[in-house]
Amino acid sequence: MKHIIQQVFHSGKFVFGFSIFATILLIVIFYPLFVPDPPLTILGQGTFFPPGIYVSVYDSLSATSYTLNLDEAAAKRIASKLSQEDRQAVKEWLIAAGIPEAEIDPANTEQLLDQWFANYDSKKNVPGMTNAKRNYYIRLNNALKGLLSPDAATVSQTNPQTGEMEQIDTINQTDYVNVSEVANLRLLPLGTDNFGRDILTELIAATRVSLQIGFVAGIIATLIGLTLGLLAGYVGGVVDDAIMFVTNLFTVIPTFVLLILISFSIGQEQRGAFTIAVVIGLTSWVWTARAVRSQVISLRNRDHVNLSKLSGHSIVHIILSDILPYIASYVIMALILQISSGILAEAGLSILGLGPRTTEVPTLGLMINWAMIYQAHILGNWWAYMPVLVTIALITFSMNLMNTGMDQVFNPALRD
Amino acid sequence: MTTLTQPLLSARGVTKVFGFGRQKNTAVDNVDLDLYEGEVISIVGESGSGKTTISKILLGLLTETSGEIYFQGAKRDIRSHAKKQEYWKNIQAIFQDPFSSYNIFNKIDSVLLDCINMRGGRSLPREKKVEMMSEACSFVNLKFEELTNKYPFELSGGQMQRLMIARIFLLKPKILLADEPTSMIDACSRATILDELMHLRREIGMTIIFITHDIGLAYYVSDKVYIMEKGKFVESGSADSVILHPKEPYTRRLLNDVPKIYEEWDLTTV
Amino acid sequence: MKGYLRYFLNKLGWFAITFVFAFLLNFILPRLMPGDPVAAIVARFAQGMSNSTGVQAIYEQYVELFGTNKPMWEQFVIYLQNVAKGDFGFSFSQYPRTVADVLKASLWWTIALQFPAIIVGWLIGNTLGALAAYLKGGFDKVLMPLSIFVSNFPPFGMAVIFMVVFGVNLKWFPTSGGYGFDLIPSFSWQFIQSVIIHYQMPFWSIVIIAIGGQAIGMRSMAIYELNADYVKYSRFMGIKDSKIVGYVFRNAMLPQITGLALSIGTMVGGALVAEIVFSYPGLGTTLLRAVLGQDYPLISASTLIITVMVLFANFIIEILYGFIDPRIKAVQAD
Amino acid sequence: MANTMLEVKELSTKYITRFREDVYAVDRVSLAVKEGRSLGIAGESGCGKSTLALSLMGYYFPPLHYTSGEIIINGKNISGMKPDDVRKSILGREIAYIPQAAMNALNPTRKIIHFIEDVIMEHEVYATKKDIYERAKKLFETLGLPAEVLQKYPVELSGGMKQRTVIAISVLLLPKVLIADEPSSALDVTSQKMVIKMLRHLMEAGMISSMIFITHELPLLYNVVDDIMVMYAGQIVETGASREMVFDPIHPYSKGLMGSIIVPEQGLRDVKLTAIPGVPPNLKKPPAGCRFAERCRFVRPECLVTNVSLRQAGDGRAYRCILPEAELREAYAREEHKK
């Protein structure tokens, strides 16, 4: 046994797959210890905040302010305010004003602004320009002028006694706060989802639940498949015929269809993560049963089994010590495949809206489902679905790599 | 030799049918056989003749479709597991392929330990068991100290098959069924295996049934030969009478088709 | 030939039994719902519906279809009769359309999308896998991990990535629908062009997934075949490598046909989800709308149709297989 | 003096295993087969006899690799030739091979005639399908095979028929040398006899000029070939005319091998079979001295270190032992006497 495990770990594919999987597992286990927030807490008001560090504006005001004179500050400020569309609009105006296109570089903020202020004239009539467009340019000009002004911003507060606005502070363009002195900030490495929940925390919780679903489904499917396969293969005769009849039925009826029907029949209220896992397990044992059966049939007539019988061993002993060790590698491989396909099945069901009920726990499939319903993919909010897809792909990829590695160890014909 | 009147093991009208309907296949067809104590008999047949099936029936690994088998004069009853265990104390086997006769996950010791346990030695002290295993190994010219803690795949085919004989040495059954024990082994090791089997037979007074496709081997080792074709025994009798003076056309053909060394091999008859 | 006819009838019988079983499941499952299914479904459904005559009509239709007050076997007979007439009742969510009507509109989209995609994926995958087995080296080293990765990529994930890359960012293809939203299905050039453009993304996203799995399977089969005795013998008879490779590919390809038959059921599941991502007007999208609208008759009928499709495809493949492979034919006629 | 059809000089080949270990399966083997003669190769499994058969083809694919030596077939030295030239001009035409497992030697999805077409067209560019069919039909009829076989798939043929079909295909181009590697070991005795008869017929009718026959079944070998060569651990240990080899072996290993023959013939029940204890050496690390030394009952200290070469013993006999022939014979006589 030790020998076999050693051999498996000599396979590069297996080790690679195993490392990925172990990393995912470790993150899932340890992350909640460091970030104990409930995964479905709604943090943000609004949908799809992009990834980043969120610093409390209010607390920044009361934090100690430092003056830093940085050369690039103004240019950067303007550059960040000037959106791509604005730059394009500026370029259009400048072309209309007779500047050769080759001389305009929308990426060069400083040059662009110089050209703009040198040439812009709100009264100038550009042929074909709508009124709305003209107003847009006026607004843009004012905004750009405001950006350039060296004035400080004023912070005012309503005096509770007088009800008057009172200036309490001014903020210069050279004022800075130290992030570590701001009382409230929040890191959202993957932003928020459509409900304003932290995607990273949610994703890790979802990965855990999905893995659990996969494991439960895989173990159920493997146990059923193993039992039926052993019975059919070892007992044979009528038992075999009956089991094979059912197995053949389930082979051709598309599993996904069965899943849809059962999940729907169970009803939304009954569909917890565990129920879904059980349903997936109950519908996906067929392949294991077939594989185990054919293995057992070839083993059943092997001489070591006959010899074990002749040594007076009971059927249970023979199955446990003369059959199971021989098929253990296949069963483990089947289990790994079942787990990964269980995770995929859950995701598929959830996308159809037949996943676990949505109120308690997130799953990878539900996260995709939410992102799709709120059109994250069309709005360009990649952080809402890409990390989830990558996680699913990494899990299934790592498991299948482990499987391929094991297959090469156990199937000498595939070694090259 | 007064017991000659009563066979140790006999079969009467044993038939085995596999499958049903169109796939029905009669592997063993109404077979009679008598095995007397101390004899060596051979069942000779080509592949598909049913010789393996009859051997499994005699061993009790398969159940006959019809017919009776008598052991020591009484009808064999192996319907319960306990009775089977009892029966298997009397009849044991060595199989054709030494490489598939071992459970590759168990160390070699376990094969021999099973035998000691089966003979009621489960509660013996460890030293006694080791002593018994060493004795069995040295009987077949193997050194137990070199084998202990080894796995089957670390042995050669000849060594594996000899260890199977050591197993029989420990079990001391009345009947040994040897199913082509030398066909997967090189010619040079074959003599060793056969010698050790015959030695064992003298040692513990065993009765042996050889199952083989090699009519030369059957002639060499056995007192009595049964020729099997399509599930039936077509000819049986003493080895000399069957091999040297065959009566049935099938036996003649079989003998004719085997290459000869001392006589001229007649190639015109095919 | 007589033996083969027997085999054919045997297979046909087997598929018939499977169909009956699938049909029964389809009948029984909804009736296993806890509580009174009809009341529950209609009550839930009626909440979202303002048209009271419509609710009434559906209720009657549903009672007739389910026949809940009658014994189970009678309900089954009624259901059977209705289905035989092609009558699956009214769709809840798309009332007053009938289920048969909704399905008719979406069925052909699915057939036209999925079967070509699965076949094309199978062909490309097998070719790549065979090449990997034969060329080995770098090609194999790149192709195999890629295939494993792709084949384990969730089908909907592939669809989403296709959509974001080619639809949203590159704007090469439209992101949803089976044809331009401003068009009415007709045999005009404009419509056909629109259909072809809309076809690309769902099609290739299914194809890519199918390629991976098939390539892996084909590679192992081809490696196995390359070590076969007939390869050695043919080489020793002086036959050139390219010809031997031809033998090997053909022989390795054949078991893959069974693989195709067996995986069609699974592939259809993934392909349905791909339809949903692209809002393709096929069964997948219909199914999604049915689920969201708690439209039981529509779900039940869709799943039945999908099952029939898969069974039929399997049957065709099994029969074809016998004609292509003499080994199987010999077994079949036995 | 008949022409030498196949001459092999000091041929060595090796396997390279998955773990990049070298297995020296054929070690400096020299042999010659004259026109009209057949040579048998005998030995235990793993002695290198099948590898030698593959090596003789002069066409190598992994894991088998050529190391050194020369193969001269019908006067053509093929050792230095490009593999593709060997394939075009030698394989099938000068030398042909009948594999061990004929059951799987034919492409299961190709009709026999189509495979025959492939073979012939590979070597004869201008052959037409019609001519090929006529030729194949004639050949099959000469060899006693029904012409219907041509239109069948391999699965439709019985084991014996398949093997005979393979033989017929192998001799399609009338090769000078035919190598048969255990062509009958998987068959029942009757089919085996038919195969043997066919091979003898091929020789007698002059369709092939010479044959190398490999088997572990000595009685069979004795009945087929003119000369026998015994191999042990990748080397030739003894060679000579078959009758002398079987009844009067010199080398202790051949002696043991011949002493293990069992045939159903009168008087052979009481013969004592000889047993050779021990196992052959590991060919990944062949011993420095005599490879048989470990198992030899006449072993001397120098056997373990001296590399023994083949000694001539007259009449085409040669054996590999440091003891002189007379001394060995004396020892055998003493043993005989003791019994």
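Points to keep in mind about this one:
Order of writing sets the chain letters: A, B, C and D. Residues in each chain are counted from 1.
One rule holds in what follows: a residue touches a chain if its C-beta (ideal position, glycine included) is under 8 Å from a C-beta of that chain, and two chains touch if they have at least 3 such contacts.
Keep in mind that what you see is a predicted model, and the values were worked out from it rather than measured.
With steps allowed only between chains in touch, the distance from chain A over to chain D comes to 2. Set against the Cα centre of chain B, the chain with the most distant centre is A.
The greater number of contacting C-beta pairs, out of the two interfaces A-B and C-D, is seen for C-D. Taking the mean of each chain's C-alpha atoms as its centre, the chain lying closest to the overall protein C-alpha centroid is C.
Averaged Cα coordinates give chain A a centre that lies 64 Å from the centre of chain B.
Averaged C-alpha coordinates give centres for chain B and chain C that are 55 Å from one another.
Per-chain CA centroids place chain A at a distance of 27 Å from chain C.
Not a single residue in chain B touches at least two other chains. Chain contacts: chain A has no residue touching two or more partner chains. Annotation for chain D: no residues touch two or more other chains. Shown here, the protein chains touch around one cycle, each chain meeting exactly two partners.
Screening every pair of chains for touch gives A-B, A-C, B-D, C-D.
Remark: chain A residues 1, 302-304, 306-315, 321-322, 325-326 touch chain B in the complex. In the complex of the two chains, the chain A residues touching chain C come out as 248-249, 251-262, 264-267, 270, 340, 344, 347-348, 351-354, 368, 372, 377-378, 380, 382, 385, 389, 392-393, 396-397, 399-401, 404, 413-414, 416.
Remark: chain B residues 46-47, 141, 156, 158-159, 186-192, 194-195, 214-220, 239-240, 243-244, 253-255, 257-263, 265, 267, 269-270 touch chain D in the complex. Residue ranges on chain C touching chain D, taken from their complex, read 228-230, 232-240, 243, 247, 250-251, 254, 325-327, 330.
Across the complex, chain A is touched by residues 56, 59, 61, 81, 84-85, 88, 92-93, 95-97, 100-106, 111, 114-115, 118 of chain B.
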